[in-house]
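Take a look at the following structure, please.
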Amino acid sequence: MREDGNEAPEDGRGAREDGRTSQGFWYPRTATGRSSLLPPPPWHYSGDLLTVEYRTDPARVAELLPPPLDLSPDDPGAVALIWADWQSCGDDGAELLDPVRAQYRECFAVIRCTYQGEIYSRCAYIWVDKDFALVRGQYQGYPKKLGSIHQTRPHPFGRAAPRIAAGGRFAGTLAAADRRLAQAVVTLREESDTNGFVNAHPMAHHRWLPSIEKDSPDTVSELIRSGSASVEAGPAWRGAATLELFDSPTEELARLYPREIIGGYYRQVGVTWDGGKVIG
Amino acid sequence: MREDGNEAPEDGRGAREDGRTSQGFWYPRTATGRSSLLPPPPWHYSGDLLTVEYRTDPARVAELLPPPLDLSPDDPGAVALIWADWQSCGDDGAELLDPVRAQYRECFAVIRCTYQGEIYSRCAYIWVDKDFALVRGQYQGYPKKLGSIHQTRPHPFGRAAPRIAAGGRFAGTLAAADRRLAQAVVTLREESDTNGFVNAHPMAHHRWLPSIEKDSPDTVSELIRSGSASVEAGPAWRGAATLELFDSPTEELARLYPREIIGGYYRQVGVTWDGGKVIG
Amino acid sequence: MREDGNEAPEDGRGAREDGRTSQGFWYPRTATGRSSLLPPPPWHYSGDLLTVEYRTDPARVAELLPPPLDLSPDDPGAVALIWADWQSCGDDGAELLDPVRAQYRECFAVIRCTYQGEIYSRCAYIWVDKDFALVRGQYQGYPKKLGSIHQTRPHPFGRAAPRIAAGGRFAGTLAAADRRLAQAVVTLREESDTNGFVNAHPMAHHRWLPSIEKDSPDTVSELIRSGSASVEAGPAWRGAATLELFDSPTEELARLYPREIIGGYYRQVGVTWDGGKVIG
Amino acid sequence: MREDGNEAPEDGRGAREDGRTSQGFWYPRTATGRSSLLPPPPWHYSGDLLTVEYRTDPARVAELLPPPLDLSPDDPGAVALIWADWQSCGDDGAELLDPVRAQYRECFAVIRCTYQGEIYSRCAYIWVDKDFALVRGQYQGYPKKLGSIHQTRPHPFGRAAPRIAAGGRFAGTLAAADRRLAQAVVTLREESDTNGFVNAHPMAHHRWLPSIEKDSPDTVSELIRSGSASVEAGPAWRGAATLELFDSPTEELARLYPREIIGGYYRQVGVTWDGGKVIG
């Protein structure tokens, strides 16, 4: 008899013949699965994206691509640095009624690569501010760390927020380990057909898990492809952008230094993610 | 010569005849005033308010009213517990381009009182999550502590957010010192003429500053009146609400326990605050 | 040519024949390895342990043991809830000169089990307050979440700290997602031969990584054994203990409710961890 | 009748003849006083101090001294930047059994000045990481902001901590608003008669509270003197120090740039503070 009334495991993984079980999509796995830090996919996201696209030295992109990934032949030094202010939830939406478990922010650098003749996006660096987002990264091959991420929010009233409209100015800032790593400002000019091109492909990520045994090869080293199962979005806006990256003893984002700004973008989106595929 | 190029003091307070100065609206006061944790008013705010109005035992309201404040004769036990998700800035809006200094959240309990024949609102308890918001409270007579405050955000896209529309469900949660103190859920039903009545009056607050000397009367004990210098707002929505308050060794919010829920509200607002008046 | 002067990869994993590389023990893997959230083991720890040992219903322990793990025949309901206030670092100690990267706190529940005739300790639940500690958990099979963890610190001077001596009172508290989950107080009485018996065995943990593909078996599901490569410690102290566990919609620590307190312990330790072994 | 069983107000301030009361040393003042963010003094502190003393341009010190305060004639450009890792509590020590309310860290810059022929220490800038510490600053005239403060902790065991002994290396770091502001390293060489000289005098602080009314003089502008009511301490250690200060749009600590390092210090102390005196 369980006092919590939660008899139904959320996920079948781990059920055993003798009745003892280890339920849950993620750690901790328990008899009920209720404690799992993550519900099973699909995962739903609603949020705002602030994007700065720019060009760096293509060699700095190439050095982040383990073979057999290769540079994109078209605009090989293109990078997108993206801030996102999210709510996310599992399929039952329970997190939305306990929003400390739904809200998080992230900032991530996306580059492009080719694999077997196809162009992919690839997240090179990413910082988030909640544990559930961090371990989703571990699962999806995003190289997540914790950071402190802020982006200006639009609001329809008052003088303490821009509107999503021509002249609206949005800033993004990123810090980790008590050092500021990036700051950007985008001033909207006009609606745009796209929200940029660097993060517009399926993602090609490595899932790596080092062996628990010393001097042994990685327990997991697989290349996966994943993307959104569905997307809805408002109009994209574009405009002028400024970007500053700062060095840190433990970060290399600044190696992707901006040689030339391509542009800035703002878009509100709703996304569902529902699994990927091992491709290498 | 100053390397920071900031020659112009932001605020004239503290200027001295001999050229040595102590500039700045708030601590730290320096030669330039640039370090002040607060710019001088006016202060602008854009944000969303999630409100639950309810009735408690009027004696619990009365015990929070030092004489000569008295209970409101009409609905004396009415309380509003309000979550707010803000951006705020000074008159130059600089904080909006460094949003870590603009964004904060708060949860506060408002009661009503009478003074010299007029009805006032009065903040009994309030928690915020940034230092600039905390010290503004000290200045304005809000009894602020730090807390962890979350409220569901509306978003126009995707499954991870409600819309501001009939059926939209918004939750608010509050914790301080690692204990949850309050949680509420409001389900929107219809547009409303008001955003509630408890927080609809000018505020009557005490500014208290204890003496640095032991066994001495307060250095400051003044009753002030303040309110918004200007307000713009979207339509208010109302609906059903649930509210739970939890006890804590260091908090008394739960003494204002809900006997009867009046209703829940949601509204987006833009507000400017620009000073108050000493009334007692 | 690299402007950071960090030519030497910290860890050979990921080096490729064609000169393009993917260095680093953990994410993000880069050309230099400098960004990795974790250095390669060995990892060194210095800190204080506050332990409460107690007995719960053995069925609550059993339900956390996936076969072929079994209950310990001796005192099968024994649990240790342990608070730890750590500094940790890699082999070069660099984190100690940037202590935001060295200091973290954790609270964890340990149970015991048998596997192939040997008794193991096993961490059932654990909360930490830094990202590097969280992903070390992913690597070592600790089911880590982020939490807010505090424990009273001893200090030799003043009235704001206990001494590690008879009569010293030490408290531990744990919260996650803005809810308090546990609090304990231990009052030291005397030196002790041990720091408890529940966490005294090698750890038997599962490393699980779900497949990126839906409806597929876990990519990793392995049972590992690990323990400290070396330990040094001060005298252990024991005394009376109180313990309260609180329920939460997303946590199950309170299912391991205390039926009977065994005792409380305090000990200062230095530990090195340097890898484990796959045993199932 | 009160369900919380807390009948006894902690502090007599605010008691009224008609039985309605407003108890508590600090906000919020309530019928019981239980909610007050601060207990009344005395306040007790146990902690470790990491100090770097250095000389800056005396003009940079002078500009922080509003008349009638003057530069110290002896070594007028001397500054102490001090990190402190504290537990603190009121006279009943209750915070020590709920350590989230007891533990905080701070970093502060101290200069010296003369007033009426006596030398005083004066805190020019200070950052803390808890609300109770922030408002104590407001009360005592410390210009506190919130920050993220870390300092290496000594520990007697293991490789992840220095010892308080020759060769022990201790670092301090400070960040606010997601920017690093200061970092220092002190390498202990020998025991020392003093823990430095800059912070060795009574404090001369201004308590300022701006008027709630626009264009009005400060409601409070008083010069106070305060110091420890009692101190106990371990041996002071001194050694070589390095110090870096970083600029920020909202901070001026870097104006007190280091021209010459005097030395570094480490000391464990216990202190009691119990009120001050208005001197101007």
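To keep things simple, chains are lettered A, B, C and D as they appear, and every chain counts its residues starting from 1.
Criterion: contacts are C-beta pairs under 8 Å (C-beta built on N, C-alpha and C of every residue); 3 or more make two chains touch, one makes a residue touch a chain.
Since the structure is predicted, the reported quantities are computational estimates derived from the model, not experimental observations.
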Greatest separation from subunit D - chain, by CA centre: A
Chain copies touching (subunit B, subunit C) - same or different residues, decided at half shared: same
Whole-Å separation of chain centres (CA-atom averages), subunit A against subunit B: 34
Gap in Å, rounded to a whole number, between the CA centres of subunit C and subunit B: 40
Distance between the centres, which are taken as Cα means, of subunit D and subunit B, whole angstrom: 27
Residue numbers of subunit D (touch at least two other chains): 98, 100, 148, 150, 173, 178
For the subunit A and subunit C complex, residues of the former touching the latter: 2-4, 13-14, 16, 18, 20-22, 25-32, 34-35, 37, 41, 62-67, 94, 98, 100-101, 124-125, 130-131, 134-135, 137-146, 177-178, 206-214, 217-220, 222, 224, 226, 247, 249-252, 255, 274-278
Subunit B partner contacts - residues on subunit C that touch it in the complex: 148, 150, 173-175, 178-180
Subunit A-facing residues of subunit B, complex: 44-48, 86-89, 93, 95-100, 102-103, 148, 150-153, 155-162, 169, 171-173, 183, 185, 232-234, 268-272
